[in-house]
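Each chain carries a letter (A, B, C and D) given by its place in the written order, and its residues are counted from 1.
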Amino acid sequence: MRDEMPQPDWPDLAGRLNGRRHVLPVRVYFEDTDAGGIVYHASYIRWFERGRSDFLRLLGLHHTAMMAAGPEGEGMIFVVRRITVDYLKPARLDDVLEIITEPGQTGVSSLTLVQEAVRAGTTICRAEVVCVLISGKGKPLRLKSALPPALAAFFDAAQG
Amino acid sequence: MRDEMPQPDWPDLAGRLNGRRHVLPVRVYFEDTDAGGIVYHASYIRWFERGRSDFLRLLGLHHTAMMAAGPEGEGMIFVVRRITVDYLKPARLDDVLEIITEPGQTGVSSLTLVQEAVRAGTTICRAEVVCVLISGKGKPLRLKSALPPALAAFFDAAQG
Amino acid sequence: MRDEMPQPDWPDLAGRLNGRRHVLPVRVYFEDTDAGGIVYHASYIRWFERGRSDFLRLLGLHHTAMMAAGPEGEGMIFVVRRITVDYLKPARLDDVLEIITEPGQTGVSSLTLVQEAVRAGTTICRAEVVCVLISGKGKPLRLKSALPPALAAFFDAAQG
Amino acid sequence: MRDEMPQPDWPDLAGRLNGRRHVLPVRVYFEDTDAGGIVYHASYIRWFERGRSDFLRLLGLHHTAMMAAGPEGEGMIFVVRRITVDYLKPARLDDVLEIITEPGQTGVSSLTLVQEAVRAGTTICRAEVVCVLISGKGKPLRLKSALPPALAAFFDAAQG
């Protein structure tokens, strides 16, 4: 499931993976703000999902490939089971934020990701996201058997 | 495909149909505004889609039913082919807008809807939306044969 | 700050308040779903914000009025400080959900709201939202002195 | 109003400007799709706004700077007056699209931008967007006097 199509034109489009730490830059556009003059609180939820998607992408897990894989070809997908978000400081139009994603604890079928939105070294927003790997029919899948071995080991090692 | 589940608890949730004219009220929430202090321009596009969905719903066309109908059970769906939007006045947080939807011209497979966002009698935003009825495989379908006869006649009569 | 403009045309637009419990119906439109075929997880965050806004609205607290009130006329606003969301079941296009909002614990400047998205009696998603009342300049305000006395008492009584 | 803060870490975050043509890559995330399995039609409107914002940004016009500039310091802002969008082909989850922005006709206070969403050389969606430069109080401003001379000339030359 490795990314076969190189994108030399836009090398950073999916952010960068440094060891266990994934970084995706996002710009604050009008769509992300509200009449309070700051970033709307649900916008961070969208950015964190982009971060998780690109983290998995750089690890070789594409959504579209996953949706065609899984046991009996019924597909598999990570769904959010629980999310906790702390809003620490406001962000504003034109700001550049870095969305940091790092793997935390893993369970049999679940993976917790710790995510932050950081502006110039300051954490603006922080989230803990519990994701569960399920089949296309909604059945939880074991990370160890459903994911490529190297990936399962990668997530597992994060707990140490 | 008539709506079988009455919703007596929230009678106006899908708006109201008066003759050919459908009216759906929407409130402006924080999510709909931007840092300019007014409604973000793409919010109207979402509201107009709600208006079209509920207009079809009150005519007996549910999305979920349509997605299971169509020739050979592959489903059918109206997709937007072209949209033209005129932004006339700004709307603001807490405003109540009425989304008006009326059928305009029909083609063999297409239906043009004229839509407005109105605040206390004043048109804030106006759109013309060309929708095409396609099958689940993306093939254009003839309105006259794919839609229930009464509905095909309803849209056809709108042109007079 | 009571709602002076009655809206007889759309009586339920801001939902209903039964004692301490506010109920707002929402319909699932295309905008709320994603390619997984179910409701996108951030959509609930938007709906919960609508629920909180209309809960406050029916209690007489309009955003626009609040933004012009507060000490020295600099305005006041409830901002989300922390949100925890549990995703229990998927919701789908055309579903009708009821967004339930109830006051929980209050602090000096904070108010916790417990919110649920319920479909036909089944809880789909549940959230706990900690809101802080701040001035236009970002300073936390005491609920007891900044809010109308009846409201401060209303929230305070919720803790018992 | 030139961009004073270089961002060497993410050189392409605001896309690239080649002559009169601005290119911004966007990835299709779950947030951009709907239950039809394709990109939701309003998502293009958001992407085109990002393209316009970054086009202006690379020309030296930041929103935040503009909102503090203008005659008598009341700020100025480009607002969308009219948008026409043609949806030509569907786009899907994980697709990479390039948002192309080019200046078209200018009026006394207005600027028309021609925008496209392109996937691997194929135009997916095309828009014509009429923007008007207004002051913070909503008064139309003359491009020639309100914009820096080089920029006014840049837009003006686009008409030839």
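Methods note: contacts are C-beta pairs under 8 Å (C-beta built on N, C-alpha and C of every residue); 3 or more make two chains touch, one makes a residue touch a chain.
Predicted model, so just to flag it, every value in this text is computed and none were measured.
Participant: Which chain has its C-alpha centroid at the greatest distance from the C-alpha centroid of subunit B?
Facilitator: Ranked by distance of C-alpha centres from subunit B, the top chain is A.
Participant: Decide which interface, C-D or A-D, involves more C-beta pairs in contact, and give its chain pair.
Facilitator: Pair with more contacting C-beta pairs, A-D versus C-D: A-D.
Participant: Measure off the straight-line distance from the CA centroid of subunit A to the CA centroid of subunit D, and report it in whole Å.
Facilitator: 28
Participant: How many angstrom between the C-alpha centroids of subunit D and subunit C?
Facilitator: Subunit C and subunit D have C-alpha centres separated by 34 Å.
Participant: Touching at least two other chains at once: which residues of subunit C meet that condition?
Facilitator: Those would be 30-31, 35-36, 42, 46, 49, 63, 92-93.
Participant: Contact residues on subunit D for subunit C in the complex?
Facilitator: Its residues touching subunit C are 30-31, 33-38, 40, 42, 92-93.
Participant: Report the residues of subunit C in contact with subunit A in the complex, numbered from low to high.
Facilitator: Going by the criterion above, the answer is residues 35-36, 41-42, 45-46, 49, 63, 77, 79-87, 90, 138.
Participant: Using the touch rule from the top, collect the residues of subunit A that touch subunit D in their complex.
Facilitator: Of all residues in subunit A, those touching subunit D are 7, 9-14, 25, 27, 29-31, 46, 49-50, 53-54, 57, 62-64, 92-94, 96.
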